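Next come two complexes built around chain A: one with chain B, the other with chain C.
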Partner chain A sequence: MARLNDSAQWIILMGFLVSFAIFFLAVVINQSTVVGQTTAESVLEFPKNDIRNIRAVALETSGIADEGDRLIVVEDITSIAQRRTHAIVSLSFVPADTRMQVTIHYNNGVTEFDEVWISP
Partner chain B sequence: MMTDNDKMNACGVSEAIGFLLIFSIVIAGIGLVTLYGYPLLMKQQTSADEQIMEKNMIVLQNDIKSLAYKTVPYKETSLKVGSGTLSVHHALTPSQSTFRISDSVGPDIEFHPGELRYESVGAQTDISLQNGAVIKRARTGEGSVMLAEPRWFYDDVTKTLVINLISLNSTGTLAKTGIGTVQMKLGETSYVSQNGAGGLTVTLDYTPDPTQDTSTAWKTYLTRNGWTETGANSYRFADSVNTLVVKRYDVIVQSI
Partner chain C sequence: MVGEGAQLYTIEGVAAAMIMLLTAYFVVNATAVYTGGDTHINDMQLEILGKDVLDMMDTRPNGTVEKSPLRLIIEEDRADDFRTAFVAMANNRTVADADRINFAAQYFYNNRVTGTIESNPLSSSRDLTGGEHAVRATKWVIVTKELPAGSGFVKDRAVLVEVLVWRD
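Up next, the complex of A and B:
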C-alpha cells in the first residue's frame, strides 16, 4: 500500500492564494467602469476666470462718478455674462461719503459667488 | 503533518472507488458551473456593458455641456457600445416628446429635444441623452430615472429662472455597435429673456413620446427643483420669477 505523501500541499495552497488574488483584482477592475464625471472635469468647470473678469470690471466701474454711466456698464456686464458665460450676474454700487460699496453676485447654476467690496 | 512513524490503517481503501468518488465530484462541479455559473456570468457581462454605457452617456453629456456652455465648437468621443446599439433620434422626428414653456407675458416656446439613445439587447433597458439629461428607463413598464440632471437653475438673489434647452440634430442617420466615435458640433443658439416686473407665472407642459415615456424622470427632477405639479405632466414654477431666461442650443451629431 502506498504511503500518503503530503509534502506538496503547499502547491495546492498557493493555487488557492493565487485564485483569490485574481478574484479580488477582477472585482477592483469591475469597479473602474462606473466612473462618469472625473475630478479633473469638475475642476475645469470651475469658472475662475469668469469670476475674476467680472470682479475686475466691477471694481474698475466703481471709479465712475456718474450713476447713469455706471448703469450702462452694469447692463453691458450682465448682458455679456448671460449670453457668453451663461451666468447670472448682478452688481450694485452704493456710495457712502468718499467710498463706494460694491456688491457682486455671480451664479452659473453650478458655482455661486458673492462679494461685498468697499473702495479704499 | 503525517510522519513515517504514524502507521495509517489502510484496510478497505480502494483506489477504484476513490477515483470514482473524485471523478464524480469533478463532473458535478463542472455541471453546476455550466448550469448556474455560466448564465450568471452572461448576466454580469450585460450589466457591465450597461454600466459602461451609463458612464459613456455621462461623458457625452459632458461633451454637450462643453459645446453649449463653454462655446467649444467641436467635440469627439470614442466609446465602446456593448450588447446594444446607440442611435440618434433627431429633433425633427415625428411623434416625440415636447416641452412647452410659457410665461404670462411672452409667446409660448415649443421645443422638441431629440435624443441619443442606447438600446440594450439583453437588459431590456434604454439609456437616453435628451435635453441635457441622461435618463434610464425600462423598456416594459412606466418607470424611468434621471442619471444626470440638466443645468436649469434659479437664482434667488435676482429672481431669475434659467432654462437651458438642448436639442440634438444629425446630418444623417447614426447607429453604432462596438467601438465607435461620436462627433458633435454646436449649431444655432438662441436666447430669450423675458422680464416681468410684477412677477411671471412660468409653466411647463411635457408631452412624452408614447413609445419612449420618460415622464417619471422629468417629474422627479422638476418637483425636486422648485416646480409644483398642477396636472398630469404640467408644472408651474413655485417661486416668484422676475426674469425668465430660455436658451436654446442646437447640437449636431455628425454621421460618418
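Up next, the complex of A and C:
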C-alpha cells in the first residue's frame, strides 16, 4: 500500500489554531453584553436619589425649632418612606447649644446609609 | 519499528473533537439577553432630568428665606403653575424645537387621623394610558398645610412629591 501524502496536515492544524482564536474572541463579545446589562441595572437600582432626598429633608427638618412640630415631620417622613420607597428611615435630632446633631439612618434592604450631621 | 505516521491524524482528530465540543458548549450555554447593556441609560437620564426639575422648583429665590415655588404650589393647590413650570423646564433644549417629555404628578401625605398614607393629585401634562414607559422622580417637601383637608390640623408636614416622567 502506498504511503499517504500527509504534508498538508500542518496547514489544517494551523487552520484549527485560527478558529480557536476566533472562538475566544466570540466568548469575549458574548460576555461583554451581559456585563453591560448588569452595570446599567445596578446603577438604576442604587437608591442615590432616595438617599439624597432623605438627607436634604432631614437637614431642612433640623431647622424646625419646636420639638413637637419636628416630631410630626419626622413621623411623616418615616411612614411615607416605608410605604412609597420601601425603606426604613430613622432620624433623630439632638440639640447642643446653638447647634443641632442630626443622625440619619436609611436602609432599603440592599443599601444602607448612616450619617451624623452637625449644623453649623 | 513503530510507525508514527498516524500521530498527526490523532492530533487532528483531537482538535476536531474539541471544536465540536466547544460549539456544543456555546450553543447550550448561550443566554438570551433580552435587554442590551445600554437600554436603561435613557431611563437613568430621564430620572435625573425629572429630579433636577423638581430640585429647581424647590429652590428658594436667590437663597432667601421665602418659600420655594414647589412649596407654594402644594400649599395653594396651584396645579396649573406646576404644569407650566415642569413642562417648560423638562422640555427646554439647546436646539430650537422642544423635547416631548410628559409627566403625571401627585404627592403623598401621612393622614394622622386614619394613620394611612394618602395621595393628592398635583397635575399632569396628559392622562396616563398605561402604555407609557415612565420613570419615577421624587422630592420631599416640607409644607404648612391642612392635611387631610378639613381636619383642622395645620402644621409643618413632610410630603413626598412623586412625578412619573416619560417621553412620548
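Heads up, the rule we're going with is that the second predicted complex is superposed on the first by the 88 of 120 C-alpha atoms of A that agree within 3 Å, B and C clash if a C-alpha of one lies under 4 Å from a C-alpha of the other, contacts with A are read in each partner's own complex, and residues count from 1 in each chain.
Criterion: a residue touches a chain if its C-beta (ideal position, glycine included) is under 8 Å from a C-beta of that chain, and two chains touch if they have at least 3 such contacts.
This one's a predicted model, so the numbers in the text were calculated from it and none came from an experiment.
Novice: What is the contact status of A:I72 with respect to chain B (first) and chain C (second): first, second, both, or neither?
Specialist: A:I72 sits against chain C, while chain B stays out of touch.
Novice: Considering only touches as defined above, state whether A:R3 meets chain B (first), chain C (second), both or neither.
Specialist: both
Novice: On the superposed three-chain arrangement, identify whether chain B or chain C touches more chain A residues.
Specialist: It is C that touches the greater number of chain A residues.
Novice: State whether A:I11 touches chain B only (first), chain C only (second), both chains, or neither.
Specialist: In the superposition, A:I11 touches no partner, neither chain B nor chain C.
Novice: Going by the contact rule set out at the top, does A:I54 touch chain B (first), chain C (second), both, or neither?
Specialist: In the superposed model, A:I54 contacts chain C only, not chain B.
Novice: In the superposed arrangement, which partner chain does A:I64 touch: chain B (first), chain C (second), both, or neither?
Specialist: Second partner only.
Novice: Name the contact category of A:G109: first (chain B only), second (chain C only), both, or neither.
Specialist: A:G109 sits against chain B, while chain C stays out of touch.
Novice: When the two structures are overlaid on chain A, which partner does A:V28 contact: first (chain B), second (chain C), both, or neither?
Specialist: It touches nothing on chain B or chain C.
Novice: With the two structures laid over each other on chain A, which partner does A:R83 touch: chain B (first), chain C (second), both, or neither?
Specialist: both
Novice: Intersection of chain A residues contacting chain B with those contacting chain C?
Specialist: In chain A, residues 3-4, 6, 30, 33-37, 41, 83-84 are touched by chain B and also by chain C.
Novice: Per the contact definition, I'd like the list of chain A residues that touch chain B in the complex.
Specialist: Chain A reaches chain B through residues 1, 3-4, 6, 30, 33-37, 41, 45, 82-84, 86, 88, 90, 105, 107-110, 114.
Novice: Can you list the residues on chain B that touch chain A in the complex?
Specialist: Touching chain A: residues 1-2, 4, 8, 10, 13, 48, 51-52, 54-55, 58-59, 62, 65, 68-69, 71, 148, 151-153, 155, 157-158, 160, 162, 164, 191, 193, 245, 247 of chain B.
Novice: Quick check: in the complex, which residue numbers of chain A touch chain C?
Specialist: Residues 3-4, 6, 9, 12-13, 16, 19-20, 23, 26-27, 30, 32-37, 39-41, 43-44, 49-50, 53-54, 56-57, 60-61, 64, 69, 72-77, 79-81, 83-85.
Novice: Which of the residues in chain C come into contact with chain A in the complex?
Specialist: Where chain C meets chain A, its residues are 5, 8-9, 11-12, 15-16, 19, 22, 26, 30-31, 33, 35-41, 43-44, 47, 51, 108-110, 112, 117, 137-142, 155-160, 162.
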